[in-house]
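Take a look at the structures listed below.
Across the two complexes that follow, subunit A remains constant while its partner is subunit B and subsequently subunit C.
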Partner chain A sequence: MVTPNATSRAIIDRLPASGERPEVVYRYAGDRFILLEYGDIVLDLRMNFRIFGLNDAIGKVRIPGLIETVPALRSMLVHYDSLELSPRRLIETLKELEAGLPSVANLTIHSRRVQLPIAFEDRHTRADIQRYVKYTRQDAPNIVNGHNIEYIAQYNGLSDKNEVIEYICATQWWNACIGFWPGLPFMFPLDPRYAIVTPKYNPTRPWTPEGAVGVGGPCVAIYPVASPGGYQLFGRTIPIFDLQQRNPAFKENPILLKAADRVEWVAVSDEELEDIRARVYDGTYRYKIVAYEALNVRSYLEFLDLIKDEVAAFQKRQSEATKHVPVP
Partner chain B sequence: MLEVIEGGIQTTVQEYPGRVGYLNLGTYPAGPMDHFAFRIANLLAGNAPGTCALEVTLGGLKARFNERRVVSVTGAAMQPTLNGSSVPMWQSFEVKPGDLLALGMVKAAGGFRSYLAVSGGFDVPEYMGSRATFTVGGFGGFQGRGLKKADRVPLNPASAGNKLAGRRLRKELIPSYAAEWEIEVMRGPQADPDYLTAEDMDLFFSKAWKVDRNSNRMGIRLESHKWQWARATGGVAGGHPSNILDNGYAVWTVNICGDQPIILVADGPSLGGFICNATLVHASTWKAGQLVPGRDLVRFKEVTIEEAISLARRLDASVSERSIEREY
Partner chain C sequence: MSAALEVIAPGLHTSVQDLGRFGSQRMGVPVSGALDTVSLRLANLLVGNPPGAGALEILHHGPTLNVRAESVRIALASGGEVEVPGDYRRSIPACRSARIRRGEIFQVGALSRAACCYLAVEGGFAIAPCLGSLSTYARGSLGGFEGRALREGDLVPLALSEAGARAELELPRPPTGGRDQTIRVVLGPQHDHFTRRSVAAFLAADYTVSASADRMGIRLDGPSLRHNHKGYDIISDAVATGAIQVPGTGQPIILLADHQTTGGYPKIATIISADLPIVGRRVPGDPIRFTAVNQQQAEQIRRAQEAELQELIRAVRPVPAGKDLDLDSLYHGNLISGVVSGDD
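Up next, the complex of A and B:
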């Protein structure tokens, strides 16, 4: 089964790059999982779009013995029952599906648009950040005036925290995958003109309020429950995980967001957020989810091309600023 | 109903194979840490596969029955007693209303978890398609948590029982829980030569790894090690060569988090940004569930997919009536 050019015993098979299609590598992950990867190790949303294209294609055929798939940035973990479906047969099927996939540009990905209210620099993230200063690290350079939001501004060459807020609200956030903890989204900006980046906490922050929103590297995450964390926090939103399923949004399961959702942030005050959260739990708040939309990759790629000079300009401004800002 | 007198260190309601199908929402399957001992316990008590039983970690459970049932205790030797008199393990016996079953603490004999099955099984609600307790998310099982003093855990109606008493597992099938283990794994998904060197992998397979004290249902930590690494850094994914762009984690994979290998087990994280250099095969995962933290040593043995599948068939086939004999 191992092809002659396979470089590792962990690699089951490869499909060489062809035209627009990146190389596909199929790896063993024990006798019940395989891991499929696209292309080089680079952060490129087009690879993620292709993963969703493949995931849709898998969903449309019946593969006896296939249990589940886990789409991620440039990879997909495939869970299967090797007593029913041989890995050889599984990979042959995946290769056939690969051959039938349209080019990334021709993909249309079903993508819900989810509007979430956010209170920037809210009292709960502020309280936990201040606990960190008191009990964990007094001289943390990533905490300026008791919060992380001004540090995010400094690190990205933005003039002040208001510009950070403007940037975060200016783009939709693509949820590339869910994981680590139940319901935790890994989101990336669809408009790279607003792609803020930050280093992570050092050491990790022992406390983070449920609903906190933060950025680590290029990724924005929402904390589904109160937990330790390492991302630079900028605000707090409404629950994305509710064990008790107190709102119709959690009717099916306690998890709000799905991979390939797009999140839009709507700034609200601290008081407004508290009020909305209360209505989430009494069941009267309706989450703002547009379920029927799709991401047309071709128009998106055209858009990227249109803004590429602005993106380069922002990246230059960022890298200039980063030089002068200490890393935690 | 089972009335808990003492909950012990960590006693949870589990179900095999657990909450399968939610990895893409960030949820590992939970379920028993040792699926072999768990399934045998149910078999001895005359229960169908998929019936809920208790997982008792380290020991200390005391519980009273208020009805006539047949029960069995398997797994690590916890010197079970019924009303103070010793009762055998790996063999079913009858309990009457008012009987007190007590499990002692695991002794030097080895093993870390035992399983208590009761004819009919424990009656707890399904949550996200399963009744297994997921300790990280706090859901499933009995109120999403370990059992505590005064809990009253409902039982399903049992079919007429006393011919179920006196069933035992054939002696040659009772696993031995030594302090040194050999655990079968498959190389990958991220191994040599692309992530680690061939020497790193040779050492991984030859070293006896000490199990860290800080191990639980999320991860079994092994001692840290200075790896050579095949790459200088993780590139876009982070500064350390163990960093990769986040991908789904196979259940029972060996995750190398910085320098430390951690076997990701039943309640682990579903996705993350560290390499996994080997993955336990279905037929060996139960061994991870019996490792004694702070004491046991583990050697990893590489097997091929064909070997893994044949081991899995043999193990699953042994969970059958043919493995059961009568005491008299």
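Up next, the complex of A and C:
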């Protein structure tokens, strides 16, 4: 065996940043995986867009020995058969693809638009939050009037829960990656004027209903199944994961959402949601998915530039408010 | 009624597994699959199946099963033993195929040397794949037999209603890889999140498999590791099977077959693919020591392991006369030579 010194390089190769292209770093993750990362260790949707651009490019070429790619927020794990493909050859191929990739601004990413109904402060999330107060933590500062939604308002400097609802429905939510659980989307607001943030539960909530929607840090997630969780809940939507495939939306795949989908929320009443959920399971509800759309990154970046003053104003209001709100 | 194995007692955690579910991690679905892929392949080989056919993975204590078919050919690998009580009482050691008849009950008891073993049936199970694989991901209720470990009363459907007419097979020896073998890792992908001293300590330490060990991962008891100024929070990335993740507490966790697809803690090292089956066989209390190799060495080790496995596969032989106690011979009056003067 060799000494650690001979094996101690974490980064095995890199492409320095050049023009609009971020730095690309390649790391070994054992003898069958390469981990590729873009840019600095910060959350930047442009890096996520580039991950999709690269993933598309990989999908278009045949790389013998490639098993699968697992895109994440700013990184991608590439699984290959080391008996068939050498990591050196794989990295050379990945670098060639980088060279052929358009700049982030010139990317167009295939992106479905998915409209999901949501009942804010619905009875099921309310029930699980009550259980948390009863059995886990009585004095949780993130629970106000039996729910998390007013805490979300406080923490972000919004006037009340109606403004939270307004914010959540005002932007499309970019599904940057799926992970943690089958079908669980990690979504970020495409319009940063509405980028609410919250700290997570402490301790974790032992119960969350299936279909619950919540925010943790800058990220909004939908719980595909009933499970423990740490996000501040604000409502409930329809199933996004159904192994029994009871609705045509799940015919091809028990998982509804794909990475790079954009979710739009449509507020409905608690009663309406119950009715829609029943129709999901009896197969008569039709999920509202517009399949043939794309995200044109250039127009999006131009839009960001137009609203940057408003974004800064919201962030200021937000950070002022945060100072006075207890963290769980 | 169609052919099935009826579960009389399920054992501790018995589930259908194959070589894993690939291509769905991007949707958050773990790879799952056998903890010990070498033993799965060998069990399948002995009953004439393709190496990646779905078989029963047995953890710690095996099931008791009733044959609801004309007959079924089974093989267990690499550990354990099949006991067939009843009128024609016999035991079938690991790494040997055997035929069991309708109405016979057979059981795999406690495993003494390993956490897992595999029971393959000739022809496999008549179960539809989920997302391209028969592997069970029990936490997500996905794949395998009804998305879960077996329960009492289950009828696990068999693809064949009768064992094929052929000689039984055995391996001359079990695969290598003992409980004391040092586990080889490739450092990274994020060992640059740890102090140099912690990386050195990780490679020098005697760790132990804690009681907190399952198909998702193994928490290790032993020296706690310190992150450097980069800290223990990273932006979640996708995780390789065999990665050794170190959360804020500093206690390392080996991520195994059912690990979540993404994780937010730095990974100090990744177990090489050749040693993953060996780690999968470890039980709580077993020692674990790590040594670092580079990627090229890991690849050579994997090629050598594959060559050794192919050699073992070529050495598969028919069970010598006298060791093979088959009911056919009993029924056809060969009882005397088969049992009384049996040479084992």
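Just so it is clear, the second predicted complex is superposed on the first by the 320 of 328 C-alpha atoms of A that agree within 3 Å, B and C clash if a C-alpha of one lies under 4 Å from a C-alpha of the other, contacts with A are read in each partner's own complex, and residues count from 1 in each chain.
Definition applied: a residue touches a chain if its C-beta (ideal position, glycine included) is under 8 Å from a C-beta of that chain, and two chains touch if they have at least 3 such contacts.
Nothing here was measured: the structure is a model prediction, and the numbers come from that model.
A.B. asks: When the two structures are laid over each other on subunit A, do subunit B and subunit C clash or fit?
C.D. replies: clash
A.B. asks: Does subunit B (first) or subunit C (second) touch A:Gly217, or do both, or does neither?
C.D. replies: A:Gly217 contacts subunit B only, not subunit C.
A.B. asks: Going by the contact rule set out at the top, does A:Thr69 touch subunit B (first), subunit C (second), both, or neither?
C.D. replies: A:Thr69 sits against subunit B and subunit C alike.
A.B. asks: Of the two partner chains, subunit B (first) and subunit C (second), which one does A:Gly53 touch, if any: first, second, both, or neither?
C.D. replies: It touches nothing on subunit B or subunit C.
A.B. asks: For A:Ile255, using the defined touch cut-off, is the partner it touches subunit B, subunit C, both, or neither? Pick first, second, both or neither.
C.D. replies: So A:Ile255 meets both subunit B and subunit C here.
A.B. asks: Check the residue A:Leu43 against both partner chains and state whether it touches subunit B (first), subunit C (second), both, or neither.
C.D. replies: After superposition on chain A, A:Leu43 lies in contact with both partners, subunit B and subunit C.
A.B. asks: So, does A:Arg27 touch the first partner subunit B, the second partner subunit C, both, or neither?
C.D. replies: Both partners, subunit B and subunit C.
A.B. asks: Using the touch definition from the top, say if A:Gly235 reaches subunit B (first), subunit C (second), both or neither.
C.D. replies: neither
A.B. asks: With the touch criterion stated at the top, can you tell me which subunit A residues are shared between the subunit B interface and the subunit C interface?
C.D. replies: 7-8, 10-11, 27-33, 35, 37, 41-43, 67-77, 79, 82-83, 87, 177-184, 186, 243, 253-255, 258-259
A.B. asks: Using the touch rule from the top, collect the residues of subunit A that touch subunit B in their complex.
C.D. replies: Spelled out, the residues of subunit A in touch with subunit B are 7-11, 27-33, 35, 37, 41-43, 67-77, 79, 82-83, 87, 177-184, 186, 217, 243, 253-255, 258-259.
A.B. asks: Which stretch or stretches of subunit C touch subunit A in the complex?
C.D. replies: Within the complex, subunit C contacts subunit A at residues 22-30, 130-131, 137, 140-142, 147, 184-192, 199-200, 203, 234-240, 242-243, 260-262, 267, 270-273, 291-295, 297-299, 302-303, 306.
A.B. asks: Which residues of subunit A touch subunit C once you look at their complex with the stated criterion?
C.D. replies: 1-4, 6-8, 10-12, 27-33, 35, 37, 41-43, 67-77, 79, 82-83, 87, 177-184, 186, 225, 243, 253-255, 258-259
A.B. asks: Per the contact definition, I'd like the list of subunit B residues that touch subunit A in the complex.
C.D. replies: Per the touch definition, subunit B meets subunit A at residues 20-27, 128, 136-139, 144, 185-194, 235-238, 244-253, 269-272, 276, 279-282, 305, 308-309, 312-313, 316.
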